[in-house]
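In the two complexes that follow, chain A is the common piece, with chain B as its partner first and chain C second.
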Partner chain A sequence: MVKSLEELAKIREQAKKALAAREGEAETKIVVGMGTCGIAAGAREVMAAILDELAKRDLGTVTVTQTGCVGLCDKEPLVDVIKPGQPKVTYGRVDAERARRIVAQHVVNDQVVGEWVVGTSS
Partner chain B sequence: MRFYRAHVLVCAGTNCSLKGSQAVRQRLLNELEEVGLADEVKVVETGCFGLCEQGPTVVVYPEGVLYCRVTPDDVPELVREHLLKGRRLERLLYREEAEKAVQTVPQVDFFRGQQRIVLRNCGVIDPESIEEYIAHGGYEALGKALTEMKPAEVVAELKASGLRGRGGAGFPTGLKWEFAAKAQGDVKYIVCNADEGEPGTFKDRLILEGDPHAVLEGMAIAGYAVGARKGYIYIRGEYALSIERLEEAIKQARKMNFLGDGVFGTEFAFDVEVRVGAGAYVCGEETALFESLEGRRGEPRLKPPYPTERGLFGKPTVINNVETLANVAPIILNGAEWYRGFGTEGSPGTKVFTLTGDIVSEGLIEVPMGITLREIVFGIGGGIPGGRAFKMAQTGGTSGGCLPAELLDVPMDYDELAKAGSALGSGALLIMDDTHCIVDIARVFARFFEHESCGKCVPCREGTMRIHDIMTRIATGRAGEKDLDNLEALARTMTMACLCPLGQAAPVPIMTTLKYFREEYDAHIKEKRCPTGTCRDLAAPAATPAAGKGV
Partner chain C sequence: MKEIALHVLDIVQNSIEAGATRVAVTVTEDTERDLLTVEIVDNGRGMPPDVTGAATDPFVTTRRTRPVGLGLPLLALAARQSGGSLRVDSRPGEGTRVLATFGLGHIDRPPLGDMALTLACLMAANPTLDLDYVHVRDGREFRVSSADLRSRLDGVSLGNPAVFAFVRDYIRAGIREVSNAGGTEGQARGTMGAGTSTEPAGDRALSN
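This part shows the complex of A and B:
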């Protein structure tokens, strides 16, 4: 039962988050390397952990995509975090635990997790 | 809330469904399950996306990559490549020209020239999810109207917007609502005309399939504006998917109380019922529609009284087309001024067209009023297939006129098309290349009207028969000069004397083809020759074609 414009707005905000993936208006983008090498090194688990962490934190406006092998097979699983107006940060040898920390520390709190960074670029 | 990293939108509009999109969807679900992505990737059925020619279409977000002609057998590769490994599957990308693969939705020419107001949600949201409609601003206009505007203000906004009826006649919607609002009587009705009998028109169907709530919201706003508590949607029985989606949408809207009593905590009460028609062209005519809705034979009534005085069950009634109603919520939400920013002075806003015939991209488009026929055919529509020449376009459906290449630059709006002897009508656009015989086509139109005439009034019953008879004689080489005079006399009589616009407009395609393609008629009548070789009873085309009118 929607009894006012305010109640409608609440439903709308909630529903919007679920649709953010389709809107292209996401603020932060996370890209997981999903080439054969990435998957072999555990990228599937990394992806699952990232999605789980985002859901837990209700971070609907983050998009998560995957990409193929970039040639750094040795450092897979690779995860890029791209925030608006900031250079892309690439993390290497990410596992599920690290992935959760990257979400908590970098995506949420804007602090790059220096020790796992393999490169930055804009 | 579940978080999905990707959404795969599968078009479940009628055209794509016919081409097997359901099987694609099922295979997607199975395949995602198999590779363990079912929790990460959401599969969404959407309404028509417009690119029917290229169906079944699948769009993968967040990237917005558009895949075309996807078969169930393509699915495993698509899932493994795009969704598992993150690589685009080249061979299924949309191809604009042979060499250039276009990847994402906004890059496609077909969409670039479009302005989507009515189709804003079609192909974008899951039509069976009221939440997705709400996420895109759904029911906000209804809330705004009910809690912040007086009924008269809603009417005034509609009037100021200049919205004209999209069912064919182009009557100003705000004015119609005002008449109904001022009409005497406690009981009034809102009727949504979803009969869509016009051959080649399938926009209402795809709007209802793709965004049913938009129409319900428009009806509820209309109800508030004129003081009606009940709405009917009259829809043809063949539109099974639209009916299903509407019924579901009505249930959801009732549950959230956008329909029912005390909407948005106000006194306003409104409910909607779907009534299924048996499909006759004339039942789309508003008064014949009322007859049918009331359980009688679908025949037009004499007007006046107009529906806003005495319509359904003799009560003041607003009857609007599906597309008209789908325009209402955006107008209320964004204002008349905004709406007038699109289209032309006399025909503000956009128009949905259904492109069919000899055109590269058949499908559903929405463009600002006033766009030229050329821009539609050669820009958005991608031109004529096989490098053939454009011969003519029939605008507005069967009762619309046929425009030759010389008129390709006519602006598509109500008034300009009327000046050209044609009509915007329902937005059907039938494109034909130079292989078609004008006489043969006109004969087919004539047969259609003979068949669809309800027989209630003599000028239509007899006139449509005579026209078909003359056209048949022309096509078979049995006609003389005098027959053209007879055609003109018949047309004059029917335009003046027929009871409803079915008969009044039946001569239009004949008269416009005669006006613009006279030499082709002459070839049939005087030389007993069909320049395109279509009319089999006549001689084959001469060595040098007499009627080379293409561009």
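This part shows the complex of A and C:
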């Protein structure tokens, strides 16, 4: 086995430290559309890019979840960013590259990437 | 869908929407029988017989956002195009079992694709879901369960981004090991088969 489960213990301890450093920070939620439409449009790669970017930036308090079809199939892959105390921002036609920029610009620096927004709601 | 792994992602999303807390995915590659089977069993709310029977009809869906559902019909199409079939069994209150079969060597079979990425995404996005995966190739087996991984994480969520890459790479390595070992074993068996098949071939020639 190339990767051993023992390595997971190391990652776990690092993750605990990273989480402790961010204790008390309000949680940001990211939701990726994973209905048939989203998946066919590349949602899995989008989710992988988001998780990878969050890991690189040690953002262990951001949670990434999935949802089904919300009826905006032609705008898939859809990504919602929900920051505490702010309205939900929905991005459309997201690919891996856009996903990374959304993390850097919106999640980290609080600047909505206006050109890809398909809707906001509180 | 370009990959069987994407169909799996799609069908498991159905399970999650059906309230499943436990999903078991089994992929079996059998080179001798030239058969690939993908089975997804969940403990979701299940479907009554009339819905189950029509589940591969794109115009039957329980969704309210659109009147069409394409997940199972697309999987059924992919299976049939490669000489296989799709079977859906469900019991209300108990769960649903989806079984897709494919001709393993059929030219129209979609590739398995990145199953590890599918599973790692599912575990990251649904950290409390019990997701079991078994990959069998010619009797060799790789198993991974989210419950086992979770128990090793001591309170750190399976959804933690730092854990995601490990889970993906761990499953990739496991599947590769099973596939490679199966490949060389299959080759070895093939060579042996070719060696011994000269005699039956001679018999056949005689009987003709």
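To be clear about the criterion, the second predicted complex is superposed on the first by the 96 of 122 C-alpha atoms of A that agree within 3 Å, B and C clash if a C-alpha of one lies under 4 Å from a C-alpha of the other, contacts with A are read in each partner's own complex, and residues count from 1 in each chain.
Here, a contact is a pair of C-beta atoms (placed from the backbone, for glycine too) under 8 Å apart; a residue touches a chain by one contact, two chains touch by 3 or more.
Computed from a predicted model, the values in this text were never measured in an experiment.
Peer 1: I'd like to know which partner A:G60 touches here: chain B for first, chain C for second, both or neither.
Peer 2: both
Peer 1: After superposition on the shared chain, which partner residues are touched by A:A99: those of chain B (first), chain C (second), both, or neither?
Peer 2: So A:A99 meets neither chain B nor chain C here.
Peer 1: Touching A:A40, do we find chain B (first), chain C (second), both, or neither?
Peer 2: second
Peer 1: If you stack the two complexes on chain A, which partner ends up touching A:L51: first (chain B), second (chain C), both, or neither?
Peer 2: both
Peer 1: With the two complexes superposed on chain A, say which partner A:L8 touches: chain B (first), chain C (second), both, or neither.
Peer 2: Both chain B and chain C are touched by A:L8.
Peer 1: A:R22 in the overlay: touching chain B, chain C, both, or neither? Say first, second, both or neither.
Peer 2: first
Peer 1: Touch check for A:G71: first (chain B), second (chain C), both, or neither?
Peer 2: second
Peer 1: Would you please give the residues of chain A that touch chain B in one complex and also touch chain C in the other complex?
Peer 2: Residues 1-3, 5, 8, 11-12, 14-16, 18-19, 32, 34-36, 39, 44, 47-48, 51, 54-55, 58-60, 63-66, 68 of chain A touch both chain B and chain C.
Peer 1: Over in the complex, which chain A residues touch chain B? Could you list them?
Peer 2: It comes out as residues 1-5, 8, 11-12, 14-19, 21-22, 24, 26, 31-32, 34-36, 39, 44, 47-48, 51, 54-55, 58-60, 63-68.
Peer 1: Applying the document's contact rule, which stretches of chain C touch chain A when the two form their complex?
Peer 2: 1, 6, 9-10, 13, 16-17, 63, 65-66, 69-71, 74, 114, 117-118, 120-122, 124-126, 149, 152-157, 159-166, 168-170, 173-174, 176-177
Peer 1: For the complex, which residues does chain A have touching chain C?
Peer 2: Of all residues in chain A, those touching chain C are 1-3, 5, 7-9, 11-12, 14-16, 18-19, 32, 34-37, 39-40, 44-45, 47-48, 51-52, 54-55, 58-60, 62-66, 68-71, 73.
Peer 1: Under the definition above, what is the set of chain B residues touching chain A in their complex?
Peer 2: 1-7, 9, 36, 39-40, 42, 61-64, 83-87, 124-125, 131-132, 134-137, 139-140, 143-144, 147, 256-258, 264-265
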